[in-house]
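Shared chain: subunit A. Partners: subunit B in the first complex, subunit C in the second.
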Partner chain A sequence: MIEAMLGGLAIVLSWPAIFYMFLGTVIGLFLGVLPGIGGPVILALLLPFAFTMEKVEALTFLLSAHAVGVTGGSVTAILFGVPGTGTNAATVLDGYPMAQRGEAGRAIGAALTASAVGGVLGALTLGALIPVLRPLVLSFGPSEFLMLSVMGLSFLSSLSEGDHLKATVSGLLGLMFSFVGEETIMGTKRFTFGQLYLWEGVKLVPAVVGLFAVAEMVSLLVEGGSIAGKASVSWRGGPLAGAREAIKKWWLVLRCSIIGIVVGIVPGLGGDVACFIAYGHSALTTREKVKFGDGNIDGIIGPESANNAKEGGALVPTIGFGIPGSAGMAVLLGALMMIGLTPGKELLQSHLDITFSLVWMVALANILGVLIMFLVTPSLTRLTIMEGSVLAPAVLIVAFIGSYLSSENIGDMMMALSIGMLGYAMKRYGYSRATFILGLVLGKIVEQNLFLSLRIHEGPAFLVTRPITLFLLIVSVLVLLFPLYRHKIFRKKTDRQPPGMN
Partner chain B sequence: MKTKYRFFACLTVFLGFLLSFSDLNEALAKDPDSMKAANFYRGKVITSIVPTKPGGSYDIYARLLSPFLEKYSGAKVVVKNISGGGGTLGINAMYRAKPDGLTIGNLMIAGTAPAQLTGAQGVNYDLLKFTYLCRLTDDPQVFVVDPKSSFKTLTDVIEAKDKVKMAATGTSGATYIGSLALKLGFDIASLDIVTGYQGGQDCNLAVMRGDVSGMVGSVSGRLRNIKDGDLRPLVVFATDRVPDLPDVPTVFEFDVKGERLNSLKAFTVMSDFARVLVASPDIPAERAEFLHLITQKSMQDPELAEFAKKQRLEINYKSGKEVEKVIKEMFAHPPEELLNELKKIM
Partner chain C sequence: MKSYGEIIFGGIIVLMLSLFIYFSLGYKPSARIVPLIVAIPAFFLSVYQLYLSFSQEKSKRGEDRKKRRQDGPARRKIILQVWIWLIALVAAAYFLGLLPASLLFMFCFLRFFSHKSWLTSAIASMAFFTVIYLLFHTLLEKL
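Moving on to the complex of A and B:
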């Protein structure tokens, strides 16, 4: 085992594999910055180059580019409220408000560090799980997916502090939006109004671009000034301060990484869910005084750790069964086979060193990616003090191109625009956009897995007969009730902490 | 990024010219109409429509093929992803493209033929009118079960007393139609199809986890799991036995007749002519002829075979004429029982 681990490291560090890792990381980062271009698109674009490379180099190149694709996207999410990919959507919720307070540097620092630590933890967990990969994947079925997403929805209660009614209304509105489109069970088309575009439902990237980028840029233009205009631009801490904070909150990072890994392992749940569950979890446990959604740094650290950690997790079913956990992994699977490796038992038994080299690639690419982003962050944060009338049109163009790129359909731009109007109204009248997105992301998954569970287990008995399901059910109930007791639990603890910890 | 990709493509084209253009020129010189078409295509842009997002199998096939089409046509091939409506939007776009022979696309018969035959919502294409360029590959389907189950042969399943649950994606996908063909073809009343899984691979896991007893899906998507002993194949939907699974009988080795046989046949044709390359309908005859010629050349290029092999993509050429013939046959004798079942759930 140890031998294979070191063998794997040697593969990654050998020349020219390490050069291709660098190249892959840089390309992945900068493509990831463009909204709408996520892991699978990056891989699809890079695949033709990989044909010309040697086997291991090709794999290093592709996997590094894929692993850091989400890192680049978090930067635009914070600066302009434009998420690079669907998985960066949760980062917008608190990242952009921080940028408005003139703390973009601190936010990016925290996001990048959490990404790196999460990515490395994800990779290490993958390494540790290699002996039990296969039974692990098989222990999660539709009933567990269902309860995982119900748990995600139960975080609504913690996110809705402040105006409960309005937050609940937006959460339910999000759920209703998630019902648009062709449902997967009977193929019924709901609320599609005869538009083929709506068959795929309200997609996350156009929705988030509208809800945040469009709404925020409109309000920037209405109010004048710059993104960080009203803040005294004292740059309360730069990227390094943010980085220190993320490291100080290692316990939160670890917990959210585990969320990311678990969701990543489960094929079919998708990375977006991981980030929102992590976001909800951070909201539940935060001790920061700032409200969630108003620029609480925990709201960045949580989802960003989960974000990169899930890539390690997603490799689990890919390696263990040759069953890709995501579209990106499907392309990667092709790459693995291209170099003559068959995922499944073979890769785990006869090519263990290669399997470990995948782990190392993910870990090292994450660290490298964050180092590179740290170098460019200081100049990027200056954009937040740029005059809104100059910045907003540029950001809007990029945002619209981003939502268009996600499926090259003009409908995406119209969707972004309509949801943008809704988002602006929600912002004006104090309706939570975070709960809206949570409902949108989880609604469909809850419905689909509820139906599957009921069909497979022939009735609702699975809720108590399956141990993991039961455990998650109990956790969800506790999470739902937690805000009622939060003050009692936390008052004691925070009293003990020396002032200035927050 | 695109420019770099194009650089790579151009390089291939250039080398291609050196290696083989002389050969094609010779063939064209004999036929003035083809020469006219060849002149038409040189320097033009061919749009290759992919009805899904980048990264999926349609996309991979389109991108695999495009440098070779460029090499033989002298045109530039641009891959365009038009996703939505479960592929219907992209295929509609292929259908209504200008009939100038500059729009091609790849589609799957199992996804389109039942949709058209049952009059599914949103379908604005007619499979009988497309210009078929070639078959890219067949995609034989296999019925697999959990090896831990008591089902050793198809007969065990037919004689099963309890419900036999089958995993499927939506009600319009091959996993559903395949299960339905199995149910109707062998008259297995106990077969219960559970829809709602996210994809074929997800269905594999559902069988391995024991959510359900079995599923019908492509051999290529299941071969790894079969070799690892995670799935047990019972029967394949193919005219002849599949080389990868020599011990697995085909559905036609059982005694099935009449309308039941028609259900099995129809699904076998859908998997036998799984993935085809089309151009928009009503394009000028000499351009259609030219496109046939260059797709054939591309598909038989040893370099393409090598690229495909590297990615473990199946490539199995058959001419467009053959595809057209089979599709006409299927539409002349549609599998009524199968279609009625599909219509019921619509």
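Moving on to the complex of A and C:
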């Protein structure tokens, strides 16, 4: 085992693999910044180039690019309120308000540090789980998927600091929007009004672009001025301060990384779920005075740790069985087979050094990506003081292009515009966009797995007979009720624990 | 004016949820059960929220109404203008293609909304167009 680990490291650090890791990281960061291009799209775009490379070089190139896509996306989420990928949507909620206060550098520093730590933890977990992959992945079935999604929905209560009623209405509205399209069990077309475009339902990328990018840029144009009145562009007051805070909150980073890893391991849930569960968890446990949604730094640290950690988690079922943990992993799986590596027993037994090299690639690419972004952050933060009426049209055009690129259908631009109108009104009148997106992401997963679970287990008894399901149900109930007793718990904890521990 | 807008938006949400319920009733049982479980409580909650918005508006009626009137029409005009611009962008993308629409939109927006000079608008829009052309058309071959 140790020989394979060291062998894997030697593979990654050899020439020209290390060059391709650097190249893949830079390209992945750059593409991750563009809205609508992330995860699977990055891999799909780079796959043709990988055909011309040797086995290890191709793998290093692709995996490095994929691992850092969400890191790049966090920067635009903070600076412009435009999430680079769907998994950066939660970062917008508190990252953009921080940018509006002139604290973009601090927010980005915290995001990058949390991303690096989360990414490395995800990679290390992958390495640690290699010997126990099979029983771990096989222990999750539809009932566990259902309860994980229900647990995600239970965070609706924690994402609604302030107006719980409006946030709940938003979340339920998001759930209703998720039911648009072809129902997965019987194939019934729901709420499509005869439109072929709506058969696929409300797609996440145009929805996120509309809800956040369009709404925020319209708001900027209406209010006038720039994103921030003034921005701190110094290293000390900006990125380094944010990095220090993320390190200080190491316990939050660890917890949210674990959330990301677990969600990443479960095939089919997707990274969007991880970031919102982590966001909700951060909202439940924050001790910062700033309200969530107004620029609370925990609202950045939590989702960004989870985002990057989930990549390591998603590799677990992908290389263990050839079951892709996410859409991006599905493309990577194709790439693995294309270069002659078959996931599963063969990869784990005959090519263990290559398996461990994947672990090292994810870890090192995350660290490298973060270092590169730290270098360019002070320059990027200057964009927040640029005149809004000049910046906003450029951002809007790129955002609409991003929504178009998700499936190369003009309908996606119309969807982004329509949801943008909804998002602007939600922002203006105090309805939570976070809970809307949470409902949109989780609705279909809940419905599909509910029906599957009821059919497979012939009734609802699975809720108490399956241990993992029961555990997740209990956690969901506790999370739902947490806002009622959180203040009592934190008052007691503050009396007992030393300062600095979150 | 924000309160009137909030009431209208609340009403739109109630209407949307009513339509969701109405159309759900026409589907097969397996297709309608989960939407109805979600939509019916959502409908009642949204109606209650609308009632709360009405109550808040009534209680504020005497206060700063003059200020709200002053803010209202000018702001509404800008909001409407911005949305018309965005609708025009999407329409132009549909009829002309995304790249030409991007160039046209950027130039016209800078000139007629942001009130930049003709030269500044032309240079900025050409520079921006060059970047997105090279990126999305030449490099990524997506447009």
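Convention: the second predicted complex is superposed on the first by the 486 of 502 C-alpha atoms of A that agree within 3 Å, B and C clash if a C-alpha of one lies under 4 Å from a C-alpha of the other, contacts with A are read in each partner's own complex, and residues count from 1 in each chain.
By definition in this document, a contact is a pair of C-beta atoms (placed from the backbone, for glycine too) under 8 Å apart; a residue touches a chain by one contact, two chains touch by 3 or more.
Computed from a prediction, not measured in an experiment: that's the story for all the values here.
Once the two complexes are overlaid on the shared chain, A:393 sits against subunit C while remaining clear of subunit B.
In the superposition on chain A, A:337 makes contact with subunit B only, while subunit C stays out of contact range.
Of the two partner chains placed by superposition, only subunit B is touched by A:409; subunit C is not.
When the shared chain is aligned, no partner comes close enough to touch A:247: not subunit B, not subunit C. When the two structures are aligned on the shared chain, A:186 is found in touch with subunit B and with subunit C. Judged by the touch definition given at the top, the superposed model places A:45 against both subunit B and subunit C. In the overlay built on the shared chain, the residue A:9 is in contact with neither subunit B nor subunit C. Of the two partner chains, subunit C is the only one that A:222 touches; subunit B does not reach it. When the two structures are aligned on the shared chain, A:451 is found in touch with subunit B and with subunit C. Subunit A residues 45, 185-186, 408, 451 lie at the interface with subunit B in one structure and with subunit C in the other.
Only residues 2, 5-6, 9-10, 12-13, 16-17, 20, 23-24, 27-28, 30-31, 34-35, 38-39, 41-42, 45-46, 48-49, 52, 75, 78-79, 82-83, 86-87, 89-90, 93-94, 98, 102, 105-106, 109-110, 113-114, 116, 124, 128, 132, 135-136, 140, 142-143 of subunit C touch subunit A when the two sit together in their complex.
On the side of subunit A, the complex with subunit B involves touching residues 27, 31, 40-41, 43-49, 51-52, 137-138, 141-142, 182, 184-187, 189, 196-197, 199-200, 267-268, 317, 321-324, 327-328, 330-331, 334, 337-338, 342-346, 406-409, 411, 448, 451-452, 455-456. Interface residues of subunit B facing subunit A in the complex, by the touch rule stated above, are 1-2, 4-5, 8-9, 53-56, 59-60, 63, 80-86, 88-89, 92, 121-122, 165, 169-172, 194-199, 201-202, 204-206, 208-209, 211-212, 224-225, 227-228, 230, 307, 310-313, 345-346. Remark: subunit A residues 34, 45, 165-166, 168-169, 172-173, 175-176, 179, 183, 185-186, 188, 190-191, 214, 218, 221-222, 387, 389-390, 393-394, 396-398, 400-401, 404-405, 408, 410, 413-414, 417, 420-421, 425, 428-431, 443, 446-447, 450-451 touch subunit C in the complex.
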